[in-house]
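Chain nomenclature is as follows: A, B, C, D and E, assigned in order of appearance, with residue numbering initiated at 1 for each chain independently.
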Amino acid sequence: MSEPVARVSPFAIAALLAGLLALLTLPLFLGKYHLHIVSSAMIFSIAAVALQLLLGFTGLLSLGQAAFLGVGAYTSGLLATGLKLPFELTIVAAGLLSGLSSLILVPILRLKGTYLGVATLGFTIIVHLVILNEEWLTHGSLGLMGIPRPSIGPWLLRSPAAAYYLYLSILGAACFVAYRLVIGRFGRALSAIMLNEDAAQASGINVTLYKAQAFVVSAVITGIAGALYAHHTQYLNPNDFSLWRSIEILLMVSVGGIGSIGGAVIGAFVVMLLPEALRFAAEYRMLIFALLLIVLMGLGQNGIAGLCVSAARAVSRRASFDPGRLERRELAE
Amino acid sequence: MTIAEMVELLVGGLAIGCIYSLIALGLSIIIRATGVLNFAQGEVVMLGAMFGLATYRLVPLPFPALFVAGALFAGVMAVIIELLIYRTLRVRRVPMVNIVISTIAMSILLQNGAQLVWGSEPIAYPRLFALEGLQLGPVRVAPQLVWIVVLALGMMLALQLFLRFTRAGLSVQAVAQDPEAAQLMGINLTRAVASTYGIAGILGGAAGVLLGSMFYASFNMGFLPGIKAFVAATLGGLGSIGGAMLGGIVFGLIETFTATSISTAYKDAVGMVLLIVILLVLPQGFAGAMRRGR
Amino acid sequence: MSALLQISGLAKRFGGLVATDNISMTVAHGQVRGVIGPNGAGKTTLLSLIGGTMQPSEGSIVFDGLEVSASPTHRRAAMGIGRTFQNIKLFDSMSVLRNVMVGSHLRGRAGIWGAMLCLPSAAAEERRLRDEALAALQTVGLLALAEVEAGSLSYGQKRLLEIARAMASTPQLLLLDEPAAGLNPTEAVALTQLIKRISESGVTIILVEHHMDVIMSTCSQISVLNYGKLLAEGSPSEVQNNEQVVEAYLGRPGLEERLAAYA
Amino acid sequence: MLEVEDLTVAYGEIVALRGVSFSVKRGEIVTLIGGNGAGKSTLLRTISGMTTIKRGSISFEGTTTSGAPVDRVVSMGIAHVPEGRRVFPKLAVEDNLIVGAHLIASKAQIRSDIEGIYDTFPRLKERRRQLAESLSGGEQQMLAIGRAMMSRPKLLLLDEPSLGLAPIIVEDVARTILSLRKRGMTILLVEQNARVALAIADRGYVIENGRIVFSNDASALRRDPRVVESYLGGRASADMGRIPAVAS
Amino acid sequence: MKLRNLAIALGLSAAFAVTPASAQIKLGVFGPFTGDAAAYGQSQKEGVEIAVKEVNAAGGVLGKKFEIVYADDAGKPEQAAAVALRLANQDEVTVLLGSISSGASLAASQIAAQTETPQIVITSTAQRITTQGNPWVFRSTIPDTAFAESLAAFVAKKYPNKKKYAFIYVNDDFGKGGFEKFNAKAKTLGMTLVADEKYARGDLDFTGQLTRIRSSGAEVLIEWSRYAEQALISKQKKQMGLNIPLLAGDGTPKYLELAGDAAEGVVYPTDFAIPTAKTAIGMALVKSVKDNYNRLADYTHAQAYDAVKLAAAAITKAGSTDKAKVRDALKTVEINGARGVFKFDAKGDPTHSAAMIVVKGGKEADANE
C-alpha cells in the first residue's frame, strides 16, 4: 500500500502531460510579446507555488510575498548591475538573502490567521519603503535600470525562447521541491499544523520549527522568482513590490485552488494573462476581470483546481469509477 | 515641538484616527457577524464620499445633512452588494475564502466602475468650512477637524447605544455571536446580515464624506484608508467594537506623530513596526488583552 | 511501584479566575488514574498543564524524574506524554492512516533535506512508519477504514482514532480527556476494554471522564476535583462512598423515584 | 399537535433520516433516544426549519411547516433549545432573554415574561447583568430554556439538555422540564441520557441510523430489554453511575 | 484545462490584438488609461486624437492615414514594458508615444531600444530618460531640470530677500527630480535649504511635514507634487496659518478647482497652460479640447498633440516608415507646435523653456506679466 498522496489519478497524469507538452512547445507558436507575458506568468507561477506552500499546506496566510520578491529582485538586480556578477551567482544570492530576511519574521509566525496576514502585510510595506527611500542602495524611486538578460555560463540566453525554457525549468524545480515537501513526514507535519496546531504539538511536532522551515523555503523560492523577474523585465521600480503585489499573489493561489501546486501555477497564469486577454475591452477590462473572478468564486469550488477535480470526478463517475477513491487521492485541503 | 504644536497635531491625528475608526468599525462588525474580511470596505467609503458630493450638487445642504446623506447612500449600496453578491455566494455554501476573494474582486470592480462613472480626476468637495483655523490662545485648530472629531465620535456613540440598548441592536449582536442560535430566536438571518452590512456601509460612507471634505473625492480614495483601517481593526482585535475604535485612533495618532517627530519618509513603516511589535506582545490585539485582563 | 508523574502545588489562574488551585498528585508507573468532578472543576485544565498546552501559574510537574512544567508541548510529547482531547482534535481532511502517521512523527527522523533530496533513508523510514501505523489501526479496529477521510468517521470511531494516534508515539503516559463522551453504552464497553488493554501493555493512564461505568471499571485510583481544588482521592469504592463527593458530584441514589414524585 | 410524516433528510450523499414518522400530542413530554449520530439532532433541526427536507412532511397544529424558514416556524410557536445551550456569550443574561423575544412586539409583554422567567429561575435574576459566558453550565442551560420560553412557544424542542452537566445538575434540569410541563408546555426532548429522559417522559421513540426502530410509553421502554441492553447500560434499576455496568 | 485556459486567453488576445496589415501608419499610444494616473492618460488620449484627426484631415502622411493603437499600462513600469513590446512587435507601430509616469516611460524605453522603435515620451520629466544613452528615446515635455531652473530663477528674481526656503516633494522620480534640480540651481543663486520633507504617493495628510517646515524658519515654500496632493498641501498650509509664499512644480486647471482659494497667489512653471498659450496652434488646441471634450486643456494635451505632430513631420521627412530613418529624422525635425517652435536637442529633449503661471483671482495668469 502506498502513501495516498503519492498516487495520482490518470486524469491528473493526462492533464499534467498535456500541460507540460503545451508549455514545452509554446515558444514555437508565440510571438515575442506573447512569449514575454507568458514568461512573466511563469515567473509569478514560481512565486505562487511558494505562497501555496505556506497557505495551502501549512495554513500560514502571508501577505509578505511581495517583500521577498522585492528583496530577491533588488539583490539580483544590484549585484548584476553594480558588481557585474554573473546571473548564476545573483540568482543564488537573491534566494539566500530573501531567505535570510524571512528569518527576521520567524517570531511573528506564532500569530494566527488574519493577524499573521496583517503582520506580514506590515513587512511588505516596510520593505517597500526601504526600497523607495534608501537611494544610495536601490536608486529609490528612479528605479534600477539596465539589468542584463539572464545568461548561463558562456551561453547567453539571448533569445526570449531560451529564457523561457530557463524559467520553465526553474518553475519545474520549484514545483518538484514543493511536491517533495508536502508529501512524506515533513509534509505530514505541515498539514497537521495547518489542520490542528494543538493536536500537532501533542504529537510531538515542533510547530515553530516546522513553520519557520516552510516560511524560509517559501521566501527562498520567492526570492529566486524575484531575481528572474529582475532579469526578465530588466528594470525594477519600488512600486513593483507594493502591497498590491502581495494581494495579487494571494489572488493567484486562491483562483488556482488553495492546497494544489498545479492550481497555483494555473492561478498565476489566469491572473497574469486574463487581463491581457481582456485588453480588447479597454477600460472595462478590470471590470470584466473582477466579474469573472466573482463568478469563479461563486461556483463554490476550491478555485480552478477544485473545478477540475469536480469535473474529473463527474466524468469518472459516469465511467463507473469509485468516486470515493478519487476523493481520497486529492491532496489535503 | 511646542505644546501648541502638540495640541494641533493631536487634533489632526485624532481626526484621521476617528475616520480610520469608523472604517475599522465597519470591518469589525462584518467580521463578527459573518467571519468575512471585507476588502471592499474602502470602496464603500469612496461611494459615501461620491454620493455625498452628488447630493450636494443636487441640493446644497449643510454639512451634517450631507454627512447623513452620504452615509445612508453608502449603507444602501452596501446592502445591495451584500444581497446581490455575498448572499448569493453564502446561499451556495461556497467556502469562506471564496467570499473573501470575491470582496477583493468587488473592490476592483467598484474602483473601476467608479472611474467610469465619476472619471479618474479627483473631485473637489464644496467648501463647507472656513479654511482659516480657529485661534484658541496659541493653538490653531481647523474647524473642519473639530467637526470631523465630533461627528465621528457621535457616530460611534450612536452605534454603541444602538447595539446595547435597542432590541434591533441586541439582535445584531446575537447574530454576530452565534448566527445559528440567533436564527432559532426567530431572527431572519438574511435580514440581520444585510443590516450588518448596512451599518458597516453607513459607517464607511460617513467616513467617506469626512475624508472627502477633508481632502477630495476620487475613485481610488478608499483603498489606502481601507487598508489602514484593516490594520487598525487588527490592532484592536478583529471583530471587537471597542478594539476597532481604539485601534483606529491609536493608528491615526501614531501616523501623525511619526511624521512629525521621526521621519516622514518612513511614516507608514514606523506604524507597521509598532503594529508588529504590539501583535507580538498581544497576539489578539487590544481586545485580546482586555479579555485576558478580565 | 515508583512515581512516573509527580505534581505539587499546581495552580493555574486566568486573570482573576482560578482554574486549578494548589493541586498535588502522584501517579505511579502503570497506574490508571481517574479524574472526575463537575464541569468547570478544572479537569481539562489539569490535563492541559500536564500535556503542556498551558503553563502553570504556580507549582511543579515532575515527569520521569525531570521537571517539565516549562517545557513546550512537543518536547513533553517527545519525553513520552501522549494525549487525546475533550473536543476531538483530528486532522479531518487527512486519511485515517495519515492521522496515525502524524502520531508516529516522533518515531521518524526524516526532515526537510531528506524530503527535498529524496534520500532513500527517508523512503525506507516512510514504509516503516506506515506499517507501524497500520498495526496501530488494527489494534483499535479501524484498519478497514485506513484510507477514509478522518472527518467522515462516526463519533465513536473518531474517539478510537484519536487514541490510536496518541498511542502511535508509544507514550509512557497517556492523557485521555473524556474519551467516552458521546459514546453509546456498547461503544463505551469497547472503550473500557481498549483502555484496559493499553494499561496492560504498561502504559500509565490519566483518565478524565464523566461516564462512571468507564471510570469505575478501569481506574485503580480516582481524584475528585471541585472548583479547581482536590476534593478527594482514593480507590473507586472510597470515592463512591465519600459524602462530599456524592454531595458535589455523584448525586444521590433514587433519581427516578424522586423525579416521579416531582412529576 | 406535531405530526412528522415519512421524513427523509440527506446532507449531500449522506442520508441522515430515513422515513421517520412520529407525533407529539398537546401537553406531552416525548423523548427521542438514540446514540450519537443516530439522527436525533438532525430531526430537531429539520422541525425548526434549519435543514431542507428531501421527502415527507411536518405539520404543526394542522399547518404544514416543512419548507418554512426558521423565523416562520418560531412564530408559529415552536422554540428550539439547541445542543450545547448556545447562549449568546457576550450578552448579559437579561439581553439574552430580550433577544429570545425577538418576535414579540409588545415591550410590556416582554417585561412581564422576563419577570416570569426570573420567578422560575431565581438564579438568573441574581445574574441578570452578568455576561452569559460567566454562568456555570447548569445556569447556562436554564438561560437557554428561559430564552426559548421568551418567544411564548407552544412546543419546546430540547436538544441534549443534560450534555456535559454533572449528575446533580442534570437532576435540576430534569425538574425544570417537569415544572414546565406542569404549566402546560408540550416538550420534545432529545437525550442520550436515556435514564433521565425516560424518567420524565410520557412516551419515547428509539432512533437508530436515521430510522425510528420502535416506540412505546416511557415506562414500558424503561423495562424493554432492547432499551435496557443498549441505552440503560444493562441494569434498568441501577442508579446513575453507582455501579460499574460492565463486569468484565 | 490549463491548456484550454491558455489557449482561450491567447486566442482571445490574438483575435483582438492582431489587426490586418493595412495601408496605414500605426502610432502606438500607451499610458495609464486605468489606475491612479488615469486622468493624465485621458488628456494624453484626447491630445493624440485631436492631432491625428488634423493630420488625417490634411491628407495624412506619405499618402497614408495615421492609425492609433492604444495600450493601457496602468501607470506600472512592468506593464508599460509589456505593452511597448506588444505595440512594437505585434502591432508593428512606427512610433511609440508614451508614457506619463517616468517609471513607465523608462521601462518602455528599454523595449524601444531592444525593438529599435522610436519612442516619444509624453509627460515624464525625469532627467534620466534622455540621459541613459538610449538613441531611440525622445521627449515631448521639457525635463525637470528645465522646470526647476526656471522656478529657482523666478524665486530669486521675485523674492530677492527671501533666501531661506523649505522644500516638500512627493517621494518618487518626479518629486525627487524636482528637488535635486531645484537645489542645484538655488545654490548657485545663493539660496539655502532649511527644511526638506517628502511624502509617499497617495498621502493625504501633510500637517506633520508642514509643522516641521513651519518651525524651520523658511521664508519660501517650494513644493513638487502632482496637482491633487499639491491642492491638499496648499489647503493644509493655509489652515495651519503658514503664511509664506508657495511655489509649486506642477499645476493644471484641475489644481485650481481642488485647492479653491488656497491656490491664490501660488506660482508654478508649466510646459503649457491656457493663459500662456500665445501661439495660434496652442490657442486652436485649447479650443479643440473645449469643443470636443468640454474640458480645459492642460499641458498633457499639448505634449501629446505635439508628439503626434512630431511623428508626422519626422515620417514625412524620412520619406518612409523605416524606424531607423524615422528616428534620424526626429533628431533634426522642427515643427510649429502648440508650444511654439519645437525641436529636440542632442539628448532628445525639447529646446523651449517653461512658462510661469500665477494664480490670480481663482484663475491662471502669466506670472511674468
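Just so it is clear, a contact is a pair of C-beta atoms (placed from the backbone, for glycine too) under 8 Å apart; a residue touches a chain by one contact, two chains touch by 3 or more.
The structure displayed is predicted, hence computed values, not measured ones.
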Subunit E reached from subunit B - shortest hop count over touching chains: 1
State the smallest step count from subunit A to subunit D, taking one step as a move to a touching chain. 2
Could you quickly compare B-D and C-D and let me know which has more C-beta contacts? C-D
Distance-maximising chain from subunit B - centres being C-alpha averages: C
Maximum centroid distance from subunit D, chain identifier (CA atoms): E
Return the distance between the CA-based centres of subunit A and subunit E, expressed in whole Å. 36
Please work out the Cα centroid separation of subunit C and subunit E, and write it as a whole number of Å. 72
Can you work out the whole-Å distance between the CA centroids of subunit B and subunit C? 47
Could you list which residues of subunit E touch at least two other chains? 34, 171, 200
Scan subunit B for residues touching two or more other chains and write them down. 112, 115, 265, 268
Complex contacts: residues of subunit A adjacent to subunit E: 15, 18-19, 22, 30-34, 36-37, 40, 129, 132-133, 135, 140-143, 145-146, 233-235, 237, 239-240, 262, 265-266, 269-270, 273-274, 276-280, 282-283, 285-286, 304, 307-308, 311
Okay, in this complex, where on subunit D does subunit B touch? 48, 50, 69-71, 74-75, 79-80, 82, 86-91, 95, 98-100, 102-103, 147-148, 151
Show me the residue ranges of subunit C that touch subunit D in the complex, using the header's touch definition. 37-40, 154-156, 181-189, 192-193, 196, 210, 212-213, 216-217, 240, 248-251, 253-256, 258-260, 262-263
Within their complex, subunit C touches subunit A through residues 51-53, 72-74, 77-78, 82-83, 85, 89-95, 97-98, 101-103, 105-106, 108, 110-112, 114-116, 118, 122, 125-126, 129-130, 134, 146-149, 165-166, 168-169
Touching residues of subunit A toward subunit B in the complex: what are they? 107-108, 110-112, 114-115, 118-119, 121-123, 125-126, 129-130, 132-133, 243, 247, 251, 254-255, 258, 283-284, 286-287, 289-291, 293-294, 297-300, 302
